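As written, the chains take the letters A, B, C and D, and residue 1 is the first residue of each chain.
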Amino acid sequence: MDVLYFAWVRERIGQPKERIESNPATVMDLVNQLRAREPRYEAAFADLGALRVAVDQELSDFDAPLKNAREVAFFPPMTGG
Amino acid sequence: MDVLYFAWVRERIGQPKERIESNPATVMDLVNQLRAREPRYEAAFADLGALRVAVDQELSDFDAPLKNAREVAFFPPMTGG
Amino acid sequence: MDIRVQEAPFDLGAETNAFAGRQTGMGAVVTFTGIVRDLDDTRMTAMQIEHYPGMTEKALSKIAEEASSRWNLGDILIIHRFGRLHPDEMIMMVATAARHRADAFQAAEFLMDFLKSRAPFWKKELTGKGDGWVAARDEDEDALTRW
Amino acid sequence: MDIRVQEAPFDLGAETNAFAGRQTGMGAVVTFTGIVRDLDDTRMTAMQIEHYPGMTEKALSKIAEEASSRWNLGDILIIHRFGRLHPDEMIMMVATAARHRADAFQAAEFLMDFLKSRAPFWKKELTGKGDGWVAARDEDEDALTRW
């Protein structure tokens, strides 16, 4: 599964994309695995209220299942237009 | 005082503009003077609900006074845009 | 504020670029363009637009000033044609510029609602079978009550 | 429906003319243009726009399809840029065509409201004193509730 980061999430984690070989059951499980890795992940995921998540390029929720997901992306609220 | 007609009011009366030498006190007095003239005026002013009036190029009412008015215009509801 | 009442065609794209280009610090530009169309399928060959020279300019200025006082705007452009127009020709345009999009949108809608029912223009549809004045629509008059 | 996500500038006037020109039987065309501006007077020198390739196009298509299903529209155009832009450059535009003006206006406002908060773009302001990500505004999120 590919995990993508955008905007300040990308900056805090220090990379735009990485490959995860584990199989987390939900987005929240993935977040917890990442948080346990290094302080930069903990900093990026400190306030989930300030984050949005997309699963396979569709906006999703932190309790969404990740079965068969190929791509998960984390980013701050969008500011298009 | 100049009296102007637009759209189908102009067509019914048969002219775009004429000069009135009388001094009607209100728009309604002017309408009644015109109605008394000829059938084409009566036809044009048959239904005042279908007409609008401007006094000196400002939308006005049929009971508006005409003291010092230089220009009165009659026309159907506007269809700009 | 730029208000033009003219018989000649205008170039929507060139006017829009020029309008947007002369704004400073405005984040939002909205344009509306009205196009001659045969909505009732009456095979309209042309539209004759009559107006009230003198009052037209005053009425448009008044409507634009009212919009400027209600919303935080950078600028307003109104172009309205008269004379004989053919299907698919552009009748008129408005453009508004504002710092925020809500002001630009609302002012443009306000301008259009008042232009429809308070600016002295009248439209006549010319068809092969006869000509007819376009009647004012109740919903256009009703649209004014929201402002 | 024409949706473009691009780094290159676009010509607002040319796009507007082309869009209006390819409509048939549409009486109303509305455009919205977003322009880089320094609202907070932070002396912004540039704006860096990041997006999520792949998801961006999907999100814009979904928003445009939703607008098409809600209003009686002839066509929709969306152009949104990414990369480094400077003050007074155009960031994006939408255009809508409809038989009646209310549909064209409402669809354009709907597109903008959803583009603001549901299309994966992020803006960073670059200034002499440091850079900062533009925060989403509560009022932009609130604007979605009206639809």
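As a convention for this text, a residue touches a chain if its C-beta (ideal position, glycine included) is under 8 Å from a C-beta of that chain, and two chains touch if they have at least 3 such contacts.
On a predicted model such as this, the values are computed, not experimentally measured, just so you know.
Novice: Compute the centre of every chain as the mean of its C-alpha atoms, then state which one is farthest from the centre of chain C.
Specialist: The chain farthest from chain C, judged by C-alpha centres, is A.
Novice: When the C-alpha atoms of chain A and chain B are each averaged to a single point, how far apart are the two points in Å?
Specialist: So the centre of chain A lies 72 Å away from the centre of chain B.
Novice: Need the CA-centroid distance for the pair chain B / chain C, whole Å please.
Specialist: Inter-chain centre distance comes to 26 Å.
Novice: Distance between chain B and chain D based on Cα centroids, please, to the nearest Å.
Specialist: A distance of 48 Å separates the two centres.
Novice: Two-or-more-chain contact residues of chain A, please, as numbers and ranges.
Specialist: 81, in rising order.
Novice: Send over the residues of chain D in touch with two or more other chains.
Specialist: Within chain D, the residues that touch at least two other chains are 34, 101, 112.
Novice: Specify the contact topology among the chains shown, as one of line, ring, star, complete or other.
Specialist: Drawn as a graph, the chains make an open path, so a line.
Novice: Can you give me every chain pair that touches, using the contact definition above?
Specialist: Per the contact definition above, the touching pairs are A-D, B-C, C-D.
Novice: Provide the residue numbers of chain A that touch chain D in the complex, in ascending order.
Specialist: 4, 6-8, 10, 54, 57-59, 73, 75-81
Novice: Within their complex, state which residues of chain C touch chain D.
Specialist: Residue positions touching the partner: 11-17, 20, 23-39, 88, 90, 99, 101-102, 104-105, 108-109, 112, 143.
Novice: Applying the document's contact rule, which stretches of chain C touch chain B when the two form their complex?
Specialist: 34, 50, 52, 54-55, 58-59, 80, 91-92, 112, 115-124, 133-136, 140-141
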